[in-house]
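For reference, chains read A, B, C and D in written order, and residue numbers begin at 1 within each chain.
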Amino acid sequence: MGWTGKILRIDLTNGTVNTEALNMEWADKYLGQRGLASKYLVEEVDPKADPLGPENKLIMATGPLTGTCASTGGRYSVITKGPLTGAIACSNSGGYFGAELKFAGWDMVIFEGQSPKPVYVTIFDDDVQIRDAGGLWGKSVWEADKKIKSDHQDQMIHVAAIGVAGENEVLYSCIVNDLHRAAGRSGVGAVMGNKNLKAVAVRGTGGVKVKDFKTFMDATNAGKKVLKDNAVTGQGLPAFGTQVLMNVINEAGAMPTRNGKDVQFESANDISAEAMAEPRRSDGKPNLLTNQACFGCTIACGRISKIDETHYTVQNKPEYWHASGGLEYEAAWALGSATGIKDLEGLTYVNFICNEQGLDPITFGATVGAAMELYETGVIDDKITGGIELKFGSSEALVKCVELTGKAEGFGKELGLGSKRLTEKYGKPELSMTVKGQEFPAYDPRGIQGMGLTYATSNRGACHLRGYTVASEILGIPEKTDPLETDGKPGLVKAFQDATAAVDSSGLCVFTTFAWTLEDIAPQVDAAVEGNWTVDKMLEVGERIWNMERIFNNKAGFTAADDNLPERLLKDAAKTGPAKGLVAGLDKMLPEYYDLRGWTQEGVPTNETLERLAV
Amino acid sequence: MQVTLKLFASLTPFLPAGAERNAAQIEVADGTTILSLLDSYNVPREHCHLVMLNGVYHAPEARGSVPVSDGDHLAVWPPVAGG
Amino acid sequence: MLKALQIDPGKCTGCKQCEMACSYVNEGEFNVSKSRIRVFDFHEDARFVPYTCTQCDEAWCQQACPVNAITTNEMGVKVVHDNLCVGCKVCTIACPFGTVNYNASTGKVIKCDLCGGDPACASACPTDAITFRDAEQSGFDKMKEWATKTTAGTEPTGPNAPA
Amino acid sequence: MHHVILGAGPAGVTAAETIRKHAPDARITLISGEPEPPYSRMAIPYLLEGKIEEQGTFLRQTDGHYDDKGITYQQGPVTKVDSAAKSLTLADGSTVTYDRMLIATGATPVRPPIEGLDNPGVHTCWTLEDARHIVKHAKPGVPVVLVGAGFIGCIILEALHKMGVNLTVVEMGDRMVPRMLDETAGNMLRHWCEDKGVRVETGALVDAIRSSGEAAPAPAAVEPAKKPGLLSRLFGGGGSPEQVPEPAAAAPSHDHPLTVHLKDGQELPAALVVIAAGVKSNIEFLEGSGVETGHGVKVDPYHATSAEGIYAAGDVAEGINLSTGHNDMLAIQPVAVEHGYIAALNMCGIETAHRGALNMNVLDTLGLISSSFGTWEGIEGGDRATMVDKEANRYIRLEFDGDMLIGAQCVGLTENVGMLRGLIQSHLHLGPWKDKLMESPGRIAEAYVGVVQQPPKTGYTGPKVALPA
């Protein structure tokens, strides 16, 4: 009920497929998706294992609400040891793939080992096959998606694939499903590529049942009403998408700009949600065509864009003249603000290529930003960049970079390392805007202090989705706190982290929490699956997951020293905006955070904590 | 005195004629508060969710008493979010 | 006054809540592959089109049924009677809209019956892309018009006319 | 005005009801050739397999339906028509006069030139009466030979298999359902049937059906029987492999009442032989009536015959084939209904030309579903798209004229299959979807919806949400 109770275990080394029953004891302790799959990973993978080796595993997992009519109940996560960071990685994606996996009858798929040759896996209900991917290798995500559907003559198949970036083990390559939804961060696509696994194609015709349909329908309907009545989820997100934040964060002086040199981008409004909806000067049509929902989502924040056919990026490439996934805020920030580029059509094109070749646009954009700083400060020159004039603000440079990085050619090979390895290579590690090797996203901790602690303590490296205190500090959800203040933030960060871990494990999208609290979510989970799923239990599960992930990372060699921020944020004060003169006050927050977590000041969970949570 | 009024998302239509990309330079009298300024442009109070004066948020209860000064930027959004 | 499903593809976001509501009401589980309504995804055109039976006036399916297992109820809905349906599938090829489908697990055909007058797809649609409204007030939608015009031979201008 | 309708099949019943709708005061007489209430032949196989009772085969399910509609239901059959006197003679010698008459007498099974068709235990499968006989003989495990794997044969095949008999099907053509499916599809069906334990002999002619005590006419001329294949060893029907067939004159090698002799010398034991070798129109009674006939009754686009006041509809009529524009016999249920409907309108004085019926069939062969539409064999110069997946028993073949779909056949595809009819019948231009279908013929549903639901050329685009004013 809710869970299908079945797991697929696919050994790529030996080419075998086995099924097993879901460990229900673990399901009761870790719920599903992020939590439950992480439990399998920590039990089965040595924390010191090479992420890009056969001993690492790659798990695709759904949650108990995936494939139900709960709003946003279409999520799945990819769990593995991340090659960008060396930490546990969990990357969450929408689209339709996750629900389809559930309809095919599977809670999760565990990929083990390494195939001797490129393969793809088809999961057509109970019929699971490892197939030769000779004809797919070297193709983009979009080409692979099309070819798989065509080869199997079934357009209802949903495909999660890596692009050429993943094949080349670009350290921040992602797994793209449904053409433009992605398990984006931490390089989960490189793990798939390392396993020689090009794609997973799923078609499910089975049904999903829940424990108590009547109660479930009541709970989910009540939840949908809350989303509809809420101004953010009912109007703001569908109309403007996440990109509405471009001006908000810029105005608040927390927009990391030009590799974090500035906290405000003077051209933010040229690449904002408002700009996307405005008719273009060139052809009178807006960049944004419509919004799109993921499976089961009653919010529908997804952007669908069409590039101006006369724009230099596509004028000779009619294959890009169709609609596809448009800019979301993080992508627009990384590709635009972090590089100082204000060319909306160019950014849309680069975003298309990121989707097509399977690149995480956050890390890619941030890495280009770092490379631009290396170039402008004379650390690297045209010889190294292969003639690319890598100046802040150059759309042409960014476009060349994205085309090379996906293919891992020329300077693209170096960009594929991510900013940490790139800047280290040229002796300037301080220019990498990363935590645990992963680039931080679109919020500058000097202007939003809580996010500094979120980045520093995130279990998968710098990330906004591990504890989105922006909601409180800037947007006033659930209540407004002062973004420039560090007081109270450790508690806020911990609460967001635990709640998010629970939501990520349920099959739901974290964006519901702009309107929902666990009070709205717990009844939906409780009606779907066995076990008394109260708010308290959800929070306890969230905290348990957080600690489990932490322990894995500690065993992998991470220490309190890694709970840190780039020097620039700690030493160079913001130059403009409300945060002018401020640096990130991490030192004021971290000790209290460890205390609240029940960890030692070395960042290690105490025995009491472990016992309390039964990790 | 001169103030920059920025209205975003669904509030854009309330900007005066001549506004460019969500912003308009407007002339205001001394003593104008955030609230009275927004009222004078008929921006519905219930939709003024995020109100930032020079990037600093002001809660609804403070908007009637905080005055705007020459050169200030007043930016307003309805309830929005992202990620 | 008869009510009918009105579908406005321009409002559809592709969330498939209609398919889930339909399968829940009719199959007792969430199973979009057994839904009577299907959302077509025209990705490259950024367009989603929900599609189901229009309950056309001179229903091909009803006329084609050899055993009178499809009848029109007082609300104008074409209903399949499971006790009479022999599973011959003639209605599935006779319906030019392709909205009567064979269900191999029951050996009978399934089609939209408007949930007995309270269609779950319309209730579940978050954007009003699917609504259930008075048919005459809102005018027949395009498909229904198409359907009424193409009854066997009665309307010389319908698509049944040789090109 | 007295409307007389000969034949109580789908065409006749639809016509009677349609006349009633448009002529509330007319007198309507429906004359049946059989003693049963109007029923559907199509439902007989389902009766055989026990899915329904006899009542379930009835064309209309409401008690007193014909009385309520003021339709006089009378037992025929009609033996003679006098179109000059507008009168007809029934089998019991009584006469009926009419103002308008509809011939909807359908067809009867062809009796192929095979010796021994009159033996007990040899049946066609056409009437309820036939069905009753078949049920009596077709007990689980007994050997049954089905002669004919055409459309009707295959439907009966399904029923016989479900009844649990030990079945052999003998088809003259080189594949199953040769008039509905091409070689690829027909052979797919054959392998499917063989996998389910049905023995299929294609390209095989039946020489004779003899009761098992009977001696063959020329014993010396009989060739030795082919060594039975694996399937027949597993499932019976050919005796044990070691057994050398005895000369035909000797006692039979089995204890079943019938033996089916094939031209190639094989002998198939049978407790029951079912003949499904095609049908022919019931037009003998029209001899000398003045109604022009060919294979069936000739009609104009209004379904009027050459005789004044007489119309024809259904399997007996040579109506217009939409695909060819020529008169043709399409003996299928939906066409019979269409004919009945058009003829009735014209009989009521509502002039309505028929633009033609689309040939289409759907067949469930032991769970493998196939269908074909229109000009499925294609035309010269037209494009063809095919998709074959033998492993999954899936097949799609589309035939185009320019960018219009004109014919199609499918195996293993049931979802939205009616859209094939929609596209063929409506002559919609597929435009860019044609190329997509050439590449992926399975995208037919998308193509259909994509073509009929074009996006508006102008108007609002943007997020689908109601913004507050």
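The rule is short, and it goes like this: a residue touches a chain if its C-beta (ideal position, glycine included) is under 8 Å from a C-beta of that chain, and two chains touch if they have at least 3 such contacts.
Since we're looking at a predicted model, the values are computed, not measured.
Q: State the pair with the higher C-beta contact count; candidates are A-B and C-D.
A: More contacting C-beta pairs are found at C-D.
Q: Name the most central chain, where centre means the mean of Cα atoms.
A: Chain nearest the overall C-alpha centroid, as shown: C.
Q: Any idea how many Å lie between the Cα centroids of chain B and chain D?
A: Computed value for the inter-centroid distance: 76 Å.
Q: How many angstrom lie between the CA centroids of chain A and chain B, rounded to a whole number?
A: A distance of 34 Å separates the two centres.
Q: Could you tell me the distance, in whole angstrom, between the mean C-alpha positions of chain C and chain D?
A: Comparing mean C-alpha positions, chain D is 27 Å from chain C.
Q: Express in whole angstrom the distance between the two chain centres, defined as the mean CA positions of chain A and chain C.
A: 39
Q: Mind pulling the chain C residues that touch 2 or more other chains?
A: Residue numbers touching two or more other chains: 13, 45-47, 127.
Q: What are the residues of chain A that contact at least two other chains?
A: 231, 235, 238-241, 289-291, 300
Q: Show the residues in chain D shared as contacts by 2 or more other chains, in ascending order.
A: 446, 461, 464-465, 467-468
Q: Under the stated contact criterion, what part of chain D meets chain C in this complex?
A: 10, 14, 40-43, 46, 51-52, 56-61, 322, 325, 332-334, 337-338, 341-342, 345, 352-356, 360-362, 364, 367, 369, 371, 373, 404, 414-422, 425-428, 445-446, 448-450, 452-453, 455-456, 459-461, 464-465
Q: Within their complex, state which residues of chain D touch chain A.
A: My answer: residues 387, 389, 394, 396, 439-443, 446, 461-468.
Q: Please output the residues of chain B touching chain A within their complex, sorted ascending.
A: The touching residues are 6, 8-10, 12, 21-23, 49-50, 52, 54-57, 59, 73, 75, 77-83.
Q: Could you please specify the touching residues of chain A with respect to chain C in the complex?
A: It comes out as residues 67-69, 71, 96, 99, 103, 156, 179, 204-210, 213, 217, 224, 228, 238, 289-298, 300, 304, 306, 322-324.
Q: So in the complex, which bits of chain C are touching chain D?
A: 9-13, 38, 40, 42, 45-47, 49, 51, 60, 63-64, 66-68, 84, 86-90, 92-102, 104, 107, 127, 129, 142-143, 146, 150, 152-154, 156, 159-163
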